[in-house]
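Input: structures, listed below.
In what follows, chain A forms one complex with chain B and a second complex with chain C.
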Partner chain A sequence: MEVLQLLISGLANGCVYGLIALGFVLIYKATEAVNFAQGDFMMLGAFVTLGLVNPEYAGIPFWLALPLVFVIMGVLGYLLDIVVLRAVFGQSQVAVIIVTIALGFVIRFAVGEIWGHEPQSLRSPLALGDVRIGELVLGLADIAVIIVTLIMTFLLWQFFQRTKMGLAMQAASQNQMAAYYMGIPVKRIQGMVWALAGIVAAVAGILYASKGALDPTAGFIGIKAFAAAVIGGFGSLPGALLGGLIVGVIEPFASRYLPPGWSQIAPYALLIAVLLFRPHGLFAQVRAKKV
Partner chain B sequence: MRFHFKTDYDQDIRLFEDGWTFSLYAALLVLALALPLMIDPFFLGEATNVLIWAIAGLGLMLLTGQTGQVSLGHSAFMALGCYSCVLMMEANVPFVVAFLLAGVITGVVGALIAIPALKLHGVYLAIATLALAILADDIIVLLKEWTDGVNGKMSPPIDLFGYEISRWNNPIEWYYLTLAVVLMVTLFYRNLLRAPLGRAFAAVRDSEISAQAMGVNVAQTKTIAFGISCAITGLGGALMGLFAGAFNNETFNFLLSIQLLMMIVVGGLGFIHGAFLGAVVIAFLPQVLSMTTDLFGRGVAIPGLESGVFGVILILFILFEPMGLYGRWLKIRTFLELFPFARKDMFKRQKSYLKTERLR
Partner chain C sequence: MSLLELDSVTLKFGGLTAVNNLSMSVEEGQVFALVGPNGAGKSTVFNLISRFYTPVTGSITFDGKDVLKMAPHEVPNLGIARTFQNIELFHQATVLQNLLVGRHRHRKTNMIAQMLHLPSVRAEEREHRHAVEEVIDLLDLQPYRNSRIAGLPYGVRKVVELGRALASKPRLLLLDEPASGLSVEETQNMRWWIDDIRRHMGITVLMVEHDMGLVGKVCDRVLALADGAKLAEGTPAEVQSHPKVIEAYLGTNAVSKGGKVA
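What follows is the complex of A and B.
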């Protein structure tokens, strides 16, 4: 029973990591850039929702606010791409890494200024309380999180495989110049990807906030999501989700069965192990070029 | 504009381009030596702080600026340098020996870590080193017997050839000690760049494939770069810990390595001067900010303001001046030297297109 309990809460945490990792992978797949601020995007999305939904702020009903949140985060992602990232378009990855880290700092500061640094909780319809099945205490929020994540991943996966836009995004990622030649508006595509990543981040943020309190440092879990993305193999959507689940499940088990102090290390140790033995993750996307 | 009539191949790699450059740096050295006579102990402490940041920054600059590898894990090596130095000092090893050994230990550990890590490219390396920085924080706590975990350690007074130096009693000696280390590191750095190894670094940074074609052993070069970089950063970390007076795992958390990276970008990637300019920015930014907030009557410190403002500064730099402060100075200098013949596009970068790393 205890194992099952740990498993479910781990899976729910893992889903949030997985969704943030999806955000990384989306941007990476389409623009070959890594958004080190994705965790902070997630935190921002959660706070925007909180600002709209909670009665002490705007107090809009949740289901009305939801599309609004998506629009806000999507537009924000698109604007960030236009204003900041387009300027480092085609430059070395160092520049992109540094710019996104800096963006994360700025977002954290802005959120702290607007909504304060105190932990707050979101009035989310997913926060349903617990149910008891025999000895098992299940947070309904956990289960909802798992379901929403599965749906999200499936939709995104189909998007990349089936739609014209998704294919264009993949093409733009693999070779910008060739994509230009094929008539793909690479810049606009990249903006769309950032918008999409913003929306995914908002979903992740809402799920995260449904499970507990929220404060501006929540964005730091982005680092665990990194571990997730790398374990899954950067560039693979199902891989990102799987990596998230692995990291999420390892954590509660490590803190239950390992001596204190060692448990925080577990996800990062796993990350380093994966990087050493399978440097491109479980779902490797690196293939030798055929000449 | 000065023109050089070259009569000797050595002229191309001389430490100083000509007599004028030499006299400029000599003047700078005299100024640095005379600084304690000109400013009061508080600002001298700040100057020492700047120099310590510059040492740590030079370490990362060697890796990121010269060899083109991003590391977000240099806080781990600062911690290693600091803890090993202090532990050796507590075991009654003379300071000079402990300090240099700390650098050597950090360098060797860095090189060992680099061997597997450098198989990774760009983003993967950044993430692996970031994980390393976070791990270091936890490992310090785990190794309580040696590091005293979260309680931290007090740094022992420095005993330099029987002459005791403590930060509060003799800040001037502290300053000179740091200045000596800075001189040592900078000269080493500058000479390294003139040596074949430094050329190999630049070749690896600019294109691994062409470096390989020219006979550079890429993996080995990167490993050496990582090792030397870690050694220098370790020295900086040791000084930082000793200067702070007390330190624990929080002193060297991963935000420090991000700050370090930001510092060299603001200063100017790939320039020795950049590390120093960046250090000035990062050391004085908190003071400037607290003065400004006082001015606007918000007496209480605003949490996160420092990193927020630094983030904005950094974004502006990457957008408008990717070459950093020193790059801006180079442009201004070229403009003045060539006046009125400087053209706007002289520093324009070539347009480049990105190809995936997933197919190689």
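What follows is the complex of A and C.
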């Protein structure tokens, strides 16, 4: 019973990591760049939702606010690409990495200025309280998080495998010049990827905030999500989700059964092990990248 | 009216005139070659047609439409496909997948239908697959259908790139040095394919090529460039024996000795 309970709360945490990792992979697949602000995107998405939904701010009903959040985060992602990242277009990867790290600082600062640094909680319809089944206490939010994540991953997977735009995104990531001459508007497509990453971050943020308190440093779990993306094999969407789930499940088990403090380092110990023994990740994209 | 027309096109990079007041017209059904020494501006002409560069002056029209009004990604929709001197394929994808990307401009169903994988989408996919299989048959790519590009030899990649261009069912095919780096046998195959492409598929071909043997065998018309300007134009034999062309290739001494470009 205890094992099941640890498993479910671990999976729910893992889903949030997985969704942030999906954001990493999206950007990486389409632009071959790593967006270190993805965790802060998640935090921003959560705060935008909170700002719209909570009664002390705008107080809009949740389901009306939701499309608005997606539009806001999508437009922010798109603008970020054409205003900030286009400026380092063609520069080395390092330039993109540093720009996105800086962006994380800017987002944390801006959110702190607008909504304050104190922990707040989102009025989320997913925060449903607990249900007891015998000895088992399950957070309904945890179960909702798992379901929403599975749906989201399936939709993204369909999008990349089946749609003209999803395939165009993959083509543009592999060879921009060739993509142009296949009739793919490469720059617009890259902007769309950033928009999509913003929307995925918003979903992750809402799920995160449904499970507990939210403050501007919430974005730091992006580091764990990055580990998850690497474990999953950076570039594979199901791999990202699986990496997130592994990291999420390891934590509660390590904190329950191992000496104190181990749960904090367990995900990174796994990361190192994966890099040593399967350097391409569990879902190797270098050997099996599909278009 | 010609299929492709360049009218007094000039392109400058800073002080360097890369293409100088060039006019040329390619008729429907022709195989037309651009020849000239290295740096003559041949590939630059290709990059102008595919809108990678914008000329300072002059006009480019394709089937009466103003190409210069198009963005680079709109050029394939006119029915212009191209290959590259250094091969630009999607390296992590298979041969089949690369050829299918060539069908990009023909995908017409909408995103929702695609995500739901509706019957209309499946029918469209079958149609693309059919078109691609025709290309695979024509170019004898069957053994490589599911091989990834990254593991294929150069000669095969060259053929795959040609195949990808053909899969888009173009009206005009731009081939940038189709025979460079190929063995004698592969060059021979390339010759038959270019003949087939023109005769059976009715596609007009504009190519840049150094191998004068190939040019002489497959081309109807040749234009020689040097320093971005037209030197001579005519049949392969006329251009090869043109004194200015010989001079550009071999220097002035060769002319007095009555040399001929090989």
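The rule we apply is simple: the second predicted complex is superposed on the first by the 287 of 291 C-alpha atoms of A that agree within 3 Å, B and C clash if a C-alpha of one lies under 4 Å from a C-alpha of the other, contacts with A are read in each partner's own complex, and residues count from 1 in each chain.
Just so we're on the same page, a residue touches a chain if its C-beta (ideal position, glycine included) is under 8 Å from a C-beta of that chain, and two chains touch if they have at least 3 such contacts.
Note that the coordinates shown come from a computational prediction; the quantities given were computed from them, not determined experimentally.
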Chain B and chain C placed together on chain A: clash or fit? fit
Of the two partners chain B and chain C, more of chain A gets touched by chain B
- Who does A:Gln174 touch here: chain B (first), chain C (second), both, or neither? both
Query raised in the report: In the superposed arrangement, does A:Ile97 touch chain B (first), chain C (second), both or neither?
Result: first
In the superposed arrangement, which partner chain does A:Gly183 touch: chain B (first), chain C (second), both, or neither? second
Partner chain in contact with A:Phe109 - chain B first, chain C second, else both or neither: first
If we overlay the two complexes on their shared chain A, which of chain B and chain C does A:Gln158 touch? Say first, second, both or neither. second
In whole Å, chain B and chain C in the superposition are separated at their closest C-alpha atoms by 5
Footprint intersection on chain A (chain B / chain C) at 174-175, 177, 286, 289
As the complex stands, chain C meets chain A at residues 50, 71-77, 81-82, 84, 88-94, 97, 101-102, 104-105, 107, 109, 111, 114-115, 117, 121, 164, 168
As the complex stands, chain A meets chain B at residues 28, 31-32, 34, 84, 87-88, 90-95, 97-99, 101-106, 108-110, 112-113, 117, 173-177, 216, 223, 226-227, 230, 234-235, 261-262, 264-265, 268-269, 271-272, 275-276, 279-280, 285-289
Per the touch rule above, chain A residues touching chain C in the complex are 155, 158-159, 162-165, 167-168, 171, 174-175, 177-178, 180-186, 286, 289-291
The answer for chain B against chain A in the complex is residues 64, 68, 70, 116-117, 119-120, 122-124, 126-128, 130-132, 134-135, 138-139, 141-142, 258, 261-262, 265, 269, 302-305, 307-312, 314-315, 318-319, 322, 349, 351-360
